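In the two assemblies presented below, chain A is common to both, partnered first by chain B and then by chain C.
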Partner chain A sequence: MKTVREIAAERTFLLSALASSSITVGILAFMVFMGLPLLHEGGFFAILGNAWDPYRGAYGIYPMIAGTAAVSLLGLAVAFPLSLGCSFLTAGIAPKPLRGVLRRFIELMTGIPTVIYGFVGIFLLVPIIREFFRDGSGMCVLTAALVLGVMISPTMTLFFRDAFDRIPRAYLNAADALGASRAQKLIHVMLPLAKKGMLNGVILALGRAVGDTLIALMLAGNSAQVPSSVMEPARTLTAHIALVIAADYESPEFRSIFACGVVLYLFTMALTFLVRYLAHGEDARI
Partner chain B sequence: MRRRILEKATVWFSWAAGLTLLASVAVLLCYLLAKGHEALSTGLIFGGTPPLRALLLQERVFDGLFPALAGTLLLIILSIAWAIPVGISTGIYLAEYADGRVKKALDAFFDVLAGIPSIVVGLFGFASAVFLHRHFSDRIGPCLLISSISLSFLVLPYLIRTTQAALEGIPGETRLTALALGATRVQNIFLVLIPRSLPGIMSGIVLAIGRCAEDTAVIMLTGAVASAGLPSSLLSQYEAVPFYIYYISSQYADPAELTSGYGASILLLMLCAVLFSAAYGIRKGLTHCTLYRA
Partner chain C sequence: MKKVSLLQTALAVSVLALACSPAFCGSLDAFKGEKGVLKISGGTAHIPVMKDVAQKVMAANPGIQITIAGGGSGVGIKQVGEGLVDIGNTGRKPSDDEISRYNLKLFRWAVDGVAPVVNPSNVVKKLTKNQLIDIFSGKIDNWKTLGGTDRKINLYTRDEASGTREVFWEKGLDKGAIAPSAHVVVSNGAMKSAVAQDPYGIGYVSVGHIDRTVAPVALDGVVPTIETVSKGTYKISRGLFSNTKGAPAGLKKKFIDFLYTPDGVKIIEQHGFIPSR
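Here is the complex of A and B:
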């Protein structure tokens, strides 16, 4: 026996759920719709594979894809050892009272706005890189990747910690009972057990690195060419969207940013599903 | 012996990595404070205008952060106002009603939504503004309304996930007591389950506020500009603190402007620090899984 109020409330909840999930689909659909004229002009793969040269009528986003790959992978390479070390510290290497403090600190670090990383990067790191390598303006893949690495490390550390926390207590007690030191327990027991969860953390951090706009926009130099070394400037997909937004609404330049949007969307979606798939496998194992 | 070396190396490596990360963040903070501490005064916010007159909107502030702060505040209030009802009801639906395939599908949708880069959400907002401008009314363009709706999309997954997690964390006995006493399902939700999970929901709201305050990518595409004064309506452009910081970094004209950029960074950093510690404080077991988006 359901009263009208019961049904109304249930319908409202259902409606909200449908509305919020339709946003997910709506964003993709709308971007495909806006970018559609571009497809008629040259085909999807031509856009992905071509160079960016507006004066010659080439509106390919390949340089931006390469730039995104360079900045985010290098950023990940910076962040991985940092996060690994930090998660080891908080998981057992550091003395006990320090661990909690450290973890609290790392949690707080996830709240630092990206625009502040970018701002400090421009005025502190860019001159250092410029002076140190004496090559170019200092705004390059390396600068952006260093700052990006510091930016994603706290989140990655917390994901690694999650993976460690999911290890059943009995395994750890067994290692303790056998007289393992903290480092031994970490290397021989915790690390092999947490491998999969840590992979998840790396994938999620990659998604974050690819999706970040401000650091790449402010620090990577934004030249629309495939970078041939880490000292060269590059433009990421996200920065491309931010830079071209002011162009004429009917122009192919403007259309190309929707191709960037679709690529970013599909890539992060693929990462999300990869994480879900891996997490599912892990649940089945334990 | 080789094992010994490996263990020693692990310990050294961990300390080196931890200290490197802490040192880089410490350098960042110290650098900001060193450069920006002299800017921290009421002049930073109100410029040459008397604070009281500015607050009462009697006089326009030209050389201070007051319009940017007001813009950020309005943006937060509006985005949260759109996101809270939808986000919390969706969280309730996920935790209390959905099951089986429906729940799995919705879960997947919200995971994807949480992973979408904020610039893509901003692009969506911008494109909608262009679309509406062309097909409905000339008065609609990138504006406060569009920005706040886009931002609410961005923070929706936080609210959904924290609400869902808080509700699902309630023990089964508590869940059944009111039902056994004859309460209906909806009464049980509103009178027992929601009050019990309020800390979790609150922490989600505070986190969402933090995201709204710091996000730059969405607002730079959907209507934040360098000088607009106070927004006069929902359809006008506005200033915001993170956008101001971004703008100053590339367009500053003199050292004084740059110093105020440092000052603005310190203000934003303090705001986010307060919000994040509040969120973690409200609910200790808060998961950061909802937080990974750039």
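Here is the complex of A and C:
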């Protein structure tokens, strides 16, 4: 028998769940609606595939899609080994008291605003990259990816740690009983068992990397071109929205940023579904 | 104890001096008894002058609050047109379409130039206009070609909303292409610090913003300075506008009027612009 209070609570929760999910769908609908005129004029694929040259009437966002992919994937490539090392260290290799301290530090790092990373990047990393590679201005895909990698790695590390913590004690004990070294235990027992939790960490970190605006805006140089090497400047979708939002509301430039929004949205969604699917497949095999 | 009292006296004296300094007493009288908030946004070249005037007005009249934001000329027009701010600044003349759509009233209070700038350590400080066009289109991409060090030229340009970009593109590059590899920065201030940081960079800023951190580039033998701009020998010049939606009244009007008083003119000159009369 459900009391009135229980029913009321149930309904309230249902309502808030409905509200948050309908807002998500509503935002997509809104962006598609606002982007419609541009889609009518040029066709959706023309926008996705074309170059950005407003003075010649080209409002394609392909360079920005390429820029986002380059910066965020490279950032992920930087962050993954970093996070893996950090989580191994705090999960088993470092002495106990040090683990706690390290963990606190990592937690603290997740809270640092991205603009701080951007500032440090501009004054510290940009001149180093410029003089080390002696090519370009130092504001490039590589610089942004390095800083982005450092920015997202604490989130990733914490997820990895949590995944390690959820491994049943008995498995670890069994490994110890078999005489496995700490490194062997990590690689052969913990890593395979924590795979799913780690995958979640990777998705979330990639989501942060794709969605971050300031680091790319400050460090990637914002050139509307497809970068042909990591030393070249590039513009991400988020930075593009930030740069163009100032344009006239009626202009095609302004409308094109809704296409950017839709692409960002679908990209993140597709990514989430893909990884969910992969994780599901893993489960089925076990 | 003695230290504190000394400090207090000094403070009191300086406040008194500020409030009654003969230079500003007359022009600031107009703001007496005014109260309220004045919001300004738009052109980033205007910001130093706007800040200076706002500080003086607010110091003399604590009842007035003035906020200043950037964003670029495009933002200035859009925000003043939509009623989000009281004054929208532009570093170009608003187009006829913009004026009629938003019923804008224009006030051109200064003349400014847009100058190509390089890092002070760069030896290339003279260019012809054709060289400038070739540099920005990407045809010339190494400083060595121009007699400098053997390093790639890093281009810096401004975002779509920039009036400075529009003026430079129209009068400096004769509407030539700007290479897509150019870095994009969002204000005159950001452009200055980007070029000041990058020994191999070239960009363009408002002449009023040039200081020792960046070096102006002589174009066809004419160094862009306040003198050459006012004489008309340096050709890439533009007006600095403050725009209101409809005829300004009250605080808006007083603020704009102040820019035309002798004290306002002095502030404009101090920041490296040529006051228009």
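As a working rule, the second predicted complex is superposed on the first by the 250 of 286 C-alpha atoms of A that agree within 3 Å, B and C clash if a C-alpha of one lies under 4 Å from a C-alpha of the other, contacts with A are read in each partner's own complex, and residues count from 1 in each chain.
Simple rule for what comes next: a residue touches a chain if its C-beta (ideal position, glycine included) is under 8 Å from a C-beta of that chain, and two chains touch if they have at least 3 such contacts.
If you're wondering where the values come from, they're calculated on a predicted model, not measured in any experiment.
In the superposition on chain A, contact is made by A:Pro54 with chain C only, not with chain B.
In the superposition on chain A, A:Met139 contacts chain C only, with no contact to chain B.
Contacts of A:Val189 after superposition on the shared chain: neither chain B nor chain C is touched.
In the superposed model, A:Pro127 makes contact with chain C only, not with chain B. Here chain B and chain C are compared by how many residues of chain A each touches, and B touches more. Residues 122, 249 of chain A are contacted both by chain B in one complex and by chain C in the other. Touching chain B in their complex are the following residues of chain A: 3, 5-6, 9-10, 12-17, 19-21, 23-27, 30-31, 34, 81-86, 88-89, 93-94, 102, 104-105, 107-120, 122-124, 150, 153-155, 157-159, 162, 181, 183-184, 186-187, 204-205, 207-214, 218, 238, 241-242, 245, 249, 257-258, 261, 264-265, 268-269, 271-273, 275-276. Of all the residues in chain A, the ones that touch chain C in their complex are 51-55, 63, 122, 126-127, 130, 134-139, 221-225, 232-233, 235, 243-244, 246-249, 253.
Of all residues in chain C, those touching chain A in their complex are 71-72, 74-75, 77-78, 151-152, 154, 159-161, 169, 175, 177, 180-186, 197-198, 200-201. Here chain B touches chain A in the complex through residues 6-8, 10-11, 13-18, 20-22, 24-25, 27-28, 31-32, 35, 85-87, 89-90, 92-94, 96-98, 105-106, 108-124, 126-128, 130-131, 153, 156, 160, 184-186, 189, 210, 213-214, 216-217, 220-221, 242, 245-246, 248-250, 258, 261, 265, 268-269, 272-273, 275-277, 280, 287-289, 291-294, going by the rule given at the top.
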